[in-house]
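Letters A, B and C name the chains as they come in the text, with residue numbers starting at 1 for each one.
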């Protein structure tokens, strides 16, 4: 790509801005994780405890974000919701990663029929747009934490698998690997030694975006009533319940909405930053 | 061209098959007897048997699968358990509303994204670029179940300009289309910008620019046309995302489309209808993806030879 | 407040270009918002409230009921009972169905015979079990001969009449002889009604009625504020009623209610079969707090399922008091100890089924938390109305919440608590069985003296208050939000829509500056 004078400086500026955004994102996520981990300790109230006579109370000294229709403290529910969202995000990605790496390696190494099945399965799963399949699965299995993980992981593994498979194929064709095989090296060693390190960067980037996507997906499912079962304080469920009171208590929607937005944006910024940083490393080689 | 078309179509067929199979298997994921869940645990055994026969659940799985496949080309997607009407008829009745919403969302997204993307590319590095970049980042990140109620708060509650939900007039279409279209607009804007920048960096553009301003307009138009090809691809692929997003958006705005039908079917434990909705949406996505591929191949001959 | 004025100015600016936006009320159209779609519009089969409410406008019956439950003439202008086993009805002259066909005694006979035919599986069949024969000596006379005396008989003939040979189960509901005829129904959108010129009492003043099915409470409220809906009975959330009053165009009316919301138990379930567990659940629910918070006080506690003020009510029943400590003790006694003291493990897991209605879900959530306080883990299953109702009717539940609508006669105790009244014939969905209740409810049907019946029903109520096969919760006051130009609707305790026929639209008037006039 030909460059104009000054474009180099601009590109650097861009990268710096991205890094700042990524840094901000990391800071926010760190704060969020701490809040989520310590939620039971720092939340002012039990997120499930109702105080019926205080329903729809606006923010006050005792309840910084007010109370919902059943008198539950919004701030406490928000904090515990962070716990839930991060748990769903990380666990989904962990499970998807495991499945994806396994599937991608097997498909890449074995090739042939296994590889074709793999590609077919990926195509079929990708044909279901958005959370449609997740909706179908949770609709059928019912709302629960486990079912949400199941539904989201079933779709999530494809990205990681593709990355791993591409790496495996690339490695397979390299000369020194052929000679290693001739000598009798086991595929698992090749995997550990060569495939995974190279695949790590794109996987990391994909995982970062993946956590954000999983959080939004869980919130969307909970909004529809298909996520974790009530009275669990999911941000999506809070929005779903709170939107009926937009006229009298808009903070019931704006608080969890802002939380989701901030969290997702942070993951996106960090993912962007990581992609930039890791790409730079590729170029430098 | 015909070779490419055949190859792509042949590729789409097993995918469609796979989609059908996955949807068929959905009902077997049920934690229990589908008939009991639909009718209730203490239903009269005679009624359970009747429903089981109607849903063909009393036959071996392979036979059910064959029946399912056989019924598809004939338009038989089963019977809605709740309304006793054929599933396809219920879906057909709601489809136009979703189509209207999807088309409007995509249209609005394109109308907003393309000019903004061009602007951002032309003013790269300047304030307009950063602003639109920031706006698109926010729009990308905000999920539609956050954006929808927010828009309602702004335009129906605080300023009573638009209806909070329902179907009927053009004003009812504004908020749902805005909700669905915003994320797509952000994505498209970024794509247009990136794609145009790439085109603008190419030799024929820089050469023409160096040669003089008089040619610039025509060349830029040419660059724009080339830049828009990958955008068409993204648009086509976004159609599926729009359909999926319509589930939540239609629920928020009580829009009587397929998305809301799916949610109503879920609430009623009407599993034949759930399966039908998921199947129709997924197959539509496959079809649109195929059409997009073909359209892009038509627009950009290079693709056919990849 | 500056924001309100800004809002008003903006609204005016928005309205001016659109000029005088035509509201349905300006066009003489009544638009009713129902919170759900009817399951059936065939009076021989319909049991859900939304269906019944539309039928009250479209189908006439032999008799009607007034607010106190006493019979009034409808299709029949006179009736008499020469002996306890015979009821004779004389029809008015010149009755017609919506399609022009004359309505004669043969149609009455057909309607009831259809319901009685076991092959048709009508859920109302059990109600007419005692009818041995229906005779039609001439076109305007119908004679019902009963196998045994049945005191509530007159209340049971409040059932829409359909023409002879009406098909059932099809998409087109059977025509009726009521003040409005159905022009069209879209299954999840709306029903269009137009006033019937041949109605015996003269055509209704409001010629066009639309019944919209709007399940989302926010949308209902906004449509009311916007004017696209001008009538909603018990359709606006209590939190939004003040806002409705402020629009200046709407009027909020409140009237005593008669429909009891209750908690149903499945007595076949091993845990719920134990009356101590049921009483513990009842004592764990803070009904007053729920009424204050969710209904803004617009409901009264109920100890019986009879409408308040019913002649058969036993006012001496001591209310179930809110006592979580006692609830825990009862659960201990029943053998459901708390496995970990104050910890998260529950003593007992139960499921509670409810509809999709947001208020009902909030009630469920409140009850769920109150159950958690006594160690019961309640799972809430919220189903679409038709599905939920069918599960309830079939007895597929552990706990559920529902409202009895339109109880006209204390014979409901036979229908709901006699051991033989299990679905599909009766409403004893929980499988309750008590020989004394059986004996009393059967005897009370045969008894013609109101005094004696009252005493029997009082004893029944006392037994039920002891056993708690259902736990009566509260009676909501009926709240109507309507356009101020609409008048003539009488809010009856049983939420009947029959008086829509006597509504009229007043002249357009400039709304007074400031808030409307809620009463």
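FYI, a contact is a pair of C-beta atoms (placed from the backbone, for glycine too) under 8 Å apart; a residue touches a chain by one contact, two chains touch by 3 or more.
Just so you know, these numbers come straight off a predicted model, no measurement behind them.
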From subunit B, the most remote chain by mean C-alpha position: C
Chain pair bearing the highest count of C-beta contacts: A-B
Separation of mean Cα positions, subunit C and subunit B [Å, integer]: 41
Where subunit A and subunit B are represented by their mean Cα positions, the distance between them in whole Å: 21
Separation of subunit A from subunit C, taking each centre as the mean of its C-alpha atoms, in whole Å: 47
Two or more partner chains touched - positions in subunit A: 225, 243, 246-247
In subunit C, residues with contacts to at least two other chains: 218, 382
Of all residues in subunit B, the ones touching two or more other chains: 156, 267
Subunit B contact footprint on subunit C (complex, rising order): 3, 7, 10-11, 14, 187-189, 214-216, 218-219, 222-223, 225-226, 228, 268, 356, 382-384, 386-387, 390-391, 394-397, 424
Interface residues, subunit C side, partner subunit A - complex: 217-218, 221, 237, 239-240, 243, 286, 289-290, 292-294, 358, 362, 365-366, 368-370, 372, 379-380, 382
Residue numbers on subunit A that touch subunit C, as the complex places them: 48-50, 52-53, 55-56, 69-71, 225, 229-231, 243-248
List of subunit B residues in touch with subunit C within their complex: 38-44, 82-83, 156, 158-161, 163-166, 168, 254, 256, 264, 267-270
Subunit B partner contacts - residues on subunit A that touch it in the complex: 1-3, 10, 13-14, 17, 120-121, 123-125, 127-133, 135-137, 139-142, 212, 216, 219-220, 223-226, 236, 239-240, 242-243, 246-247, 250, 253-254, 257, 260-261, 264-265, 268-269
